[in-house]
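Each in structure tokens, the structures are laid out below.
Both complexes shown next keep subunit A, but they swap its partner, so subunit B is in the first and subunit C is in the second.
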Partner chain A sequence: MPASSNRGAEIYLDGVTKRYPTSLALDDITLHVRAGEFLTLLGPSGSGKTTLLNLIAGFIELTAGSIHLDGRRINDVPVHKRGLGIVFQHYALFPHLTVSDNIAFPLTRRKMPKEQIRELVNAELATAGLSGYGKRFPRELSGGQQQRVALARALVFKPEVLLLDEPLGALDKNLRERLQLEIRRIHREVGRTFVFVTHDQEEALTLSDRIAVFNEGRIEQVGTAQELYERPVSLFVAEFIGESTVVPETTGDMAWVIRPEKAKLLEPHSEVPGGCLTADVMIQQSVYLGSGWKHEIVLPDNTTGVVRSDRIPDSLHGVNIPAQLTWHPSEVTRVSAPKRT
Partner chain B sequence: MRTSLPTKIALWALAVVVSAWLVFPSIIVIPLSFTDKASLVFPPSGWSPRWYERFFSNPAWTMALGNSLLIGLLVAVLATILGTLAAFSLRALRNRSLANALKLGLLAPMIMPGIIIAIGLYALFLKLGWVGTLHGFVFAHTVLALPFTVIAITVGLAGFDAQLEQAALSLGANPLSTFFWVTLPNVLPSMISGALFAFVTSFDEVLLSLFIKSPYLNTLPVLMYSSVTRNTDPTLAAAATLIMVITTVLVITGLILSGRKKHASVL
Partner chain C sequence: MSLASEGARRRTWSTVRPLLLLLPAYALLIGVFAYPVLDSMWRSVTEPTAGWGNYAWALGSSGNLAVIGRTFGNALFATMVCVVLGFPFAYLMVISAPRTRAILIAITLVPFWTSLMIRTFAWIVILQDRGIVNSLLAGIGLGPLELLRTNTGVLIGLAHVLMPFMILPLYATMNSIDLRLIMAARSLGASPFSAFWRIFVPLSVPGLAAGSLLVFIQALGFYITPALLGSPADSMLAQSIYSQVNGLLAWGRGGALGVILLTVTLVLLGAVALLIRIGHRRDVSVGIPGQ
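Take a look at the complex of A and B:
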């Protein structure tokens, strides 16, 4: 059982592979989750992020590779001895137990004295803003309240690692945003390692110290939100996180990934600033957003893009106006992009 | 769409007629059991509790009732234990087509004509010397009751969120405590409802019992059947009323329990 030190554990995943009879769910994943960090596994559904979480939790077995928790190999350690806290998308609260008994469950299993359990449970209820709800049953609580109870239950035994599997996926937008801030605050206060699964890029950007982007059973890139946004290593990452315009180079299999605020729109055939590259585009429409303009553009290959600007020449106002897109190579990234068919 | 008044009246009338048709033959034994005449004439001309007095003062009837209750209880316990094991194993089986085949086998006694099971069991029991024994009755009735417990518990398990077990494990409960503290409490209502149906199946079983009874071991329905062929005194109606009350109460309890389980799983 993990001691209740005031830091999280680090997790080393080395060559982690999960093969099912008909598919390869995870393909040779190597990832280091640092002690105490908030790492998000981000990707579309079926990309392997939940499979990886289930492997760390111990719900499924590895096909190959190893998982180390603070230097201890846990491949063959059963779930109940891993001592990790887990928060599920649909809360997984025990319907036959009261809120208090749900939170007390991990402590009862650890044979803690009754008096101490009561104190810890009450403290958790207070933190979750649910004092006075202890005697209710989970079905008598709203979705947000149930997820708060689930969080309390997963944290009350002070696990060094908390795994969260799309915990906000079943909640409406307002509540989701409130709970995001709450999870962020809890992470700061308890200082444990959080591994968070989501398919929502905004949620990942809001919460994480670092984000691992998953695609088809592999990790495309691991980095801070800023690194992923400014220096995406692949087209997939560029398109999954934030908006961008992708301009293929005329020769070769590379393309420029241009973020909306890194591009400028000029009148056709006007002079281009030194060192900048250009492409002919068509401005489909421009929308005024108060803080500036947002222009939707179409490239010659019929892909679409977005440009943000403070203001543009009057001659470019309107619908379906030809223009020049320009950018400076040092401000954007170049990624491998096989020609689309 | 609104239903017009004449249609409404016609539909209600039809519903009342069909209900009466279904229930009347059973209900009629109640007044018959309180008749003051020594024959099963309907409607009775006067009222008397004497047939209940006769039922409870005749050792043949009370012994048969005692046997039926004892056998029913043992069948309920045995069928529930076996049904629980079967339902959990079926859920755990990776090979779904094998699981479905096994399930069909478990439910076979419900589809198989009773007379075939009766003849088969009789031949088997003659060989084993189980005819007219308590364990013979319990074994035979369990064959018929098992499908009911398997169905009830399978339905209960289907409404049970397996993620609760994952949650319990992650919170430090070993697989055995997870079963006793999380799985079992959530499946208990369907186990109880399965047990009630098992008891009722045994309690009103006639066909198999006719084959495997002996002069020394009789159940209540068997004694009723043999007494109706000899004489038709209203003690029979009193016995029938007792069986009806007991089974009705148990079946309704079972339905409420299984209904509540379904409701809970939706929430």
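Take a look at the complex of A and C:
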């Protein structure tokens, strides 16, 4: 059993590669998860994020590279000796054991005295808001309650690292949002390292200290939500996180990534503020959202974009109105974007 | 007539109608099962004279008691052999790759589809004094073992013939076990053996129970296999019933033996069901009470 310090462990992944006979699931991943941080692995399905989680957990073996936990190489440490807590998407509660016995499972494996187990289990039940449910079986609980039990079971033995594999994927939207806040609170309270896998960018933005964006077995970018939003390093990150308008430069393979609130719409041929760049666009339609307007625009290359504004000139109201899109280079990012053919 | 009672009548009809589909099956069961059983019971207390004479005979002679004891002993032993051999086999089926699994399923099903007579005669060939087993034993300087016409031979035959009835329900149950539960157990600190023993095995108990029941009950009434592989001195209940009815035309005595077989079986099954229910009520592992 890992020492129950109040900080989590740090994880260092060095050149982690996983190759299957017909595919390369992870390609030379190097990533440093800081002690106590909430790091989310975000990416579309098949991008390698779950594979990486399974490698850290020890369910599958690396093809190359190494994994270090607080400086200790754990490549060859079997799953049950890594001492990491894992929460699965489908809860993975033991159907033949009661809620109490499910939560007690990691403690009985560690040969803890019965009296102590009882206390810890009851404390976890109370924290999870499930006091009185101890004698029930998992099938007698709702999805949200089952996930709470799964969380309690993964936390009761005070692991230094908690791995969460799309734990909220099977829940409906309201419950999802409630449990997101709960997971956030638990992270603050226990102060361990959390590694969270999701394909839902909103969830990633809500929960994480930092986010690692995965694409085709590689990490595109690691950073805070703000860094990823304001300074995406690639078109993939820009398009995966938040809305944006992508304007290709006329020469070269670069493009401007313009977030909706960083762009302005002007009448055609009107004067552009100094230092700003501009592109001809067509306003498809404008929607009033209370806090302002949202304009859907089309670029000459037929890609679409979104602009937000407080107000726009009357002449730009309507459907299919030509306009100028302007932005200041210092407020947006330029990323490599091979011309689409 | 009020609408409510009209609705009620319709509901009654709609619950009764599906039951009509069961009629042919029930008619058949009554004709070929219920009637003969009741008739045997009736004859056991009326032939040749009214009274409990047949039962006094059946339970009063040490020969009959030995047959009854051997029948239940053999059935129990065959069940245990099936559990011990069938469990790892079914587990192998679950964890192996699709192609290996297909082969293992074929190994299970081909004997299952083969005529019982043919399989039993095959065992005669294998087990006889100069059969394959004894030739191999002689080759390494052992034996010969007396297998055919012994109770050992009967047990081997029973276990083999009934093995698919253990493996198939076990496989069905094991196949439905979510293997992610094993991963979860491992992540919570359980060694591979502990995860298997505490999670996989308990979850395969329903299949184990179903398989054991099928094997045990069929073994109790087995006729051909013990008749061909055993000696008359090793006979089981079905053979005694056969010789009473067919050989001696003693329908009453045969009936009494049949009723005894049926009664003891039902009592045993009731006891097992009771044990299972008691086991369910108890907290399974550390017995942590909820609040």
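Descriptive notes on the structure:
Here is the rule we go by: the second predicted complex is superposed on the first by the 341 of 341 C-alpha atoms of A that agree within 3 Å, B and C clash if a C-alpha of one lies under 4 Å from a C-alpha of the other, contacts with A are read in each partner's own complex, and residues count from 1 in each chain.
Just so it is clear, a contact is a pair of C-beta atoms (placed from the backbone, for glycine too) under 8 Å apart; a residue touches a chain by one contact, two chains touch by 3 or more.
Small disclaimer: the values here were computed from a predicted structure and weren't measured.
Superimposing the complexes on subunit A yields a three-chain arrangement in which subunit B and subunit C clash.
Shared-chain residue A:48: touches no atom of subunit B or subunit C. In the superposition on chain A, A:100 contacts subunit C only, with no contact to subunit B. For subunit A, the partner with contacts to more residues, out of subunit B and subunit C, is C. In the superposed pair of complexes, A:79 makes contact with subunit B and with subunit C alike. When both complexes are overlaid on chain A, the residue A:114 reaches subunit C alone and has no touch with subunit B. In the superposition on chain A, contact of A:59 is made with both subunit B and subunit C. Of the two partner chains, subunit B is the only one that A:139 touches; subunit C does not reach it. Of the two partner chains, neither subunit B nor subunit C is touched by A:248. Using the contact criterion defined above for the overlaid structures, shared-chain residue A:122 touches subunit C, although it does not reach subunit B.
Taken together, the two structures place residues 1, 57-59, 78-80, 82-86, 88, 90, 92, 94-96, 105-106, 109-110, 153-154, 157 of subunit A in contact with subunit B in one case and with subunit C in the other. By the touch criterion given at the top, residues 161, 163-164, 166-175, 177-178, 181-182, 185-186, 264, 267 of subunit B touch subunit A in their complex. In the complex of the two chains, the subunit C residues touching subunit A come out as 178, 180-181, 183-192, 194-195, 198-199, 202-203, 283-286, 288-291. Residues 1, 57-59, 78-80, 82-86, 88, 90, 92, 94-101, 104-106, 108-110, 114, 117-118, 121-122, 125, 131-136, 153-154, 157 of subunit A touch subunit C in their complex.
By the touch criterion given at the top, residues 1, 57-59, 78-80, 82-86, 88, 90, 92-96, 105-106, 109-110, 139, 153-154, 157 of subunit A touch subunit B in their complex.
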